[in-house]
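Presented sequentially are two complexes of chain A, the first with chain B as partner and the second with chain C.
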Partner chain A sequence: MSFKVYQINPELKDVMPQEIIDLEEKSTLNNPKRGVMDLPFYKELIEEHSLCAGCPEAAALRYIMASLPNPEDTIIVNSTGCTSLVFPHIAMHTVHSLFGNQNAVASGIKRVLEYRYPDRVKDVVVLAGDGATVDIGLDCTLQSFFRQEKITTICFDNEVYANTGGQESGMTPKGHVFKMAPKGKQFEKVPMWQLAIDSGCKYVARLTVSSPKRVESVIKKAVYVARYLGPTYVHLYTPCILEIGLNSDQGLEEMRARDKERFEFFEYITPEAQEVIDRVKAEGLL
Partner chain B sequence: MAKLGPSGFSPYPVAIIDKVLNPPPGKALLFDELVDEEVAMREAAKAMLTRENPTIFPGPQVLYAWNEDAKKKAKQVKELAQVLNAKIIPMYDYRPKYPKINPEVEINPNHPNLTIWHNNIKACIFIGVHCHYANVALKIIRAETDCFTIAMCSLEGHEDAMITLRDQHPEELDKFIEIAKQVKAELGK
Partner chain C sequence: MYYVAEVINDECTKYKCNQCTLFCPEPNTLMYINNPDERHAFVYANRCKGCALCVYVCSNLLKRNAIRMVMPEIHSST
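After this line comes the complex of A and B, so read on.
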């Protein structure tokens, strides 16, 4: 794909709705310096979604879409879950994979793209819930790290299987009670960020999405390091306000509270990843 | 003889029930008949010029300037619309839209019938719509409406349209525009 696909033929511009004209004239596509600060001023790649009102996953997706450095040539691989409800609405390439298979599918896509477009930068980003990434898909997730696939994996950790109505996941903290986990979680939250480090990820971050600028910085680093080096992993806390009984306007408060405890900002960068980051920074892209 | 819709939904597309396949190169499909391209073009022009609210549905392959053919075709679509006194409603985006589309100004492959019903469209031309979405949309239109569908496909055509023209590139479009002008003059439109 290229930016050209957004250029409307002038003869037919008069029949095109404004929202599509805006995508050509007022979007940040084709600008690697794009970021969350553009959000109020430019056309977004996501504007409508079918998540619950106030769901922090929606905020996270907006920040991520605004931060990806190369959206025209980025393929998002997603998995079933609340996040997947958003992908039909975004102006980017997305592939919906079978639940849990996302990192295997992404590995294949990345390799084929490298083969098919050797002269073109194509970023592959996996975006899936905690159930898909850490429980059912853990095998595929870790195997892709072991194989050093050049893909970015972003986990939306809402600590529950939200889309299916509130079952506990490996990421649920010990003792948490959910509608369909009435006895409370019996074992500790899986330290997925640590598993990612041990499995060979070059860049790993854990954070809530309370700070858009921080999300931008992390996403850009993760994408660039994956592009040049190998697997990267970003673990985001995006609380399911519905399942933990919060109102639409309480997501941010919840994330800020967790910023100080189990989702305290944490970043792991290998020395070679640091080199990539420094280089990209010197180019003014970070 | 295959008929106009609405044919209802069935496990098999109507074209299959009617034992219709895409035409071979150089030929076109007129309902369930294999005919020469000119014949199909004349019938297509006639349908567009005589039925109510004729509309052209251009897809992304002609809406966006992604190659030289697309740029030419955009001009031709505009001219064709003038000759056929047709409206243009774009199918610019295949994504299902939330909460709903505006059938006045757009058509979506996931529920094309909404646009057809809303605008009472009785004849339409699909052009520049990627094949898999054209297939889905044409099946739905045939199942749900009595719209006379015409597919101008740059590849192998679409058996679910009432008229299927295949291998349609700028040259063929020029030919169609000329034929449409003749038919228009004959009909005194």
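After this line comes the complex of A and C, so read on.
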């Protein structure tokens, strides 16, 4: 795929919806220096999603879509969850996998693309929730790290199975009570970022989405390192405001509070990943 | 029928922070116009879900009070 896919046949332009025309004329496609600071001025790749009002995950998706350096040639693999409600609304290639096997699907896609398009850069990015990445999909996630697949894995951690009514997940902190977990979580939260490091990821980050510029920086680093070296993992805290009983305007406040405790910004960069990051920075792309 | 965000242009013009446009969870809803004649955020009311996160950012975090929640015409007429 290339930018040409978004170009409208001039003869059909008068019948196209304005949103599609805006995508061609006012988006940041074809600009490797795109970033979150373009959001107030340009057409975004997401169009009217169906997530709840004030959902932090929706903000995270805005930042990620705005930060991908090469969206025309990026394939997103997603899994079942709230995030999967957004993917029909984005102007990118997406593949919806079965619950938990998104990293296996992404591995195959990446290998086929390298074979089919040896001269072109194709990024594969996995976007999935904590249930798909850490609980049900932990096997596929870690195996893709062990195999050193050149894919970026982004986990939206809301610490609960929010989409199905509030069951505890492996990422729920110890003692937390949810509607479908009345006894409270009996064991500790899975340290997925540490597992990613031990499994061979070249770049790992843990953060909330309370700072758009920081999310942009992390996503770009993760994509570039995955492109040239091997697996990268980004762990984002995107609380479900409904399940933890907050109002729609309190998601940001919640994330800012967690910035100071269990989601304090953490970044792991291997020396070879640092070389890639320095090179990309020197090119002015980061 | 629900309240949506509305930018108070005269207040917003005093600053050039863009912060509300970044923190809005809805795409292409809270945008910024940056012309020599006009410089402020603005809301596409028919896309706003009324979460009021922008009001939290503008009033609580930045102490600027340039956004308020109002009943828009498109909703009050239905």
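Here is the rule we go by: the second predicted complex is superposed on the first by the 286 of 286 C-alpha atoms of A that agree within 3 Å, B and C clash if a C-alpha of one lies under 4 Å from a C-alpha of the other, contacts with A are read in each partner's own complex, and residues count from 1 in each chain.
Rule of thumb we're sticking to: contacts are C-beta pairs under 8 Å (C-beta built on N, C-alpha and C of every residue); 3 or more make two chains touch, one makes a residue touch a chain.
Note that the structure is predicted; figures quoted are calculated from it, not measured.
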{"item": "Greater residue coverage of chain A in the superposed arrangement, chain B or chain C", "value": "C"}
{"item": "Contacts of A:88 with chain B and chain C, given as first, second, both or neither", "value": "first"}
{"item": "Partner chain(s) touched by A:7 [first = chain B, second = chain C, both, neither]", "value": "first"}
{"item": "Partner chain in contact with A:249 - chain B first, chain C second, else both or neither", "value": "second"}
{"item": "Which superposed partner A:54 touches (first chain B, second chain C, both, neither)", "value": "second"}
{"item": "Touched partner set for A:15, first chain B, second chain C, both or neither", "value": "first"}
{"item": "Touching partner for A:44 - first (chain B), second (chain C), both, neither", "value": "second"}
{"item": "Common interface positions of chain A, toward chain B and toward chain C", "value": "48-49"}
{"item": "Footprint of chain A on chain C - complex, ascending", "value": "18, 21-28, 30-32, 34, 41, 47, 49-53, 55-57"}
{"item": "Contact set on chain B toward chain A in their complex", "value": "58, 60, 62-66, 70-71, 74-75, 77-78, 88-90, 92-93, 95-99, 102, 105-106"}
{"item": "Of all residues in chain A, those that touch chain C in their complex", "value": "36-37, 39-41, 43-44, 46-49, 51-56, 58-59, 62, 212, 248-253"}
{"item": "Sites on chain A touched by chain B in the complex", "value": "2, 4-12, 15-17, 20, 48-50, 88-89"}
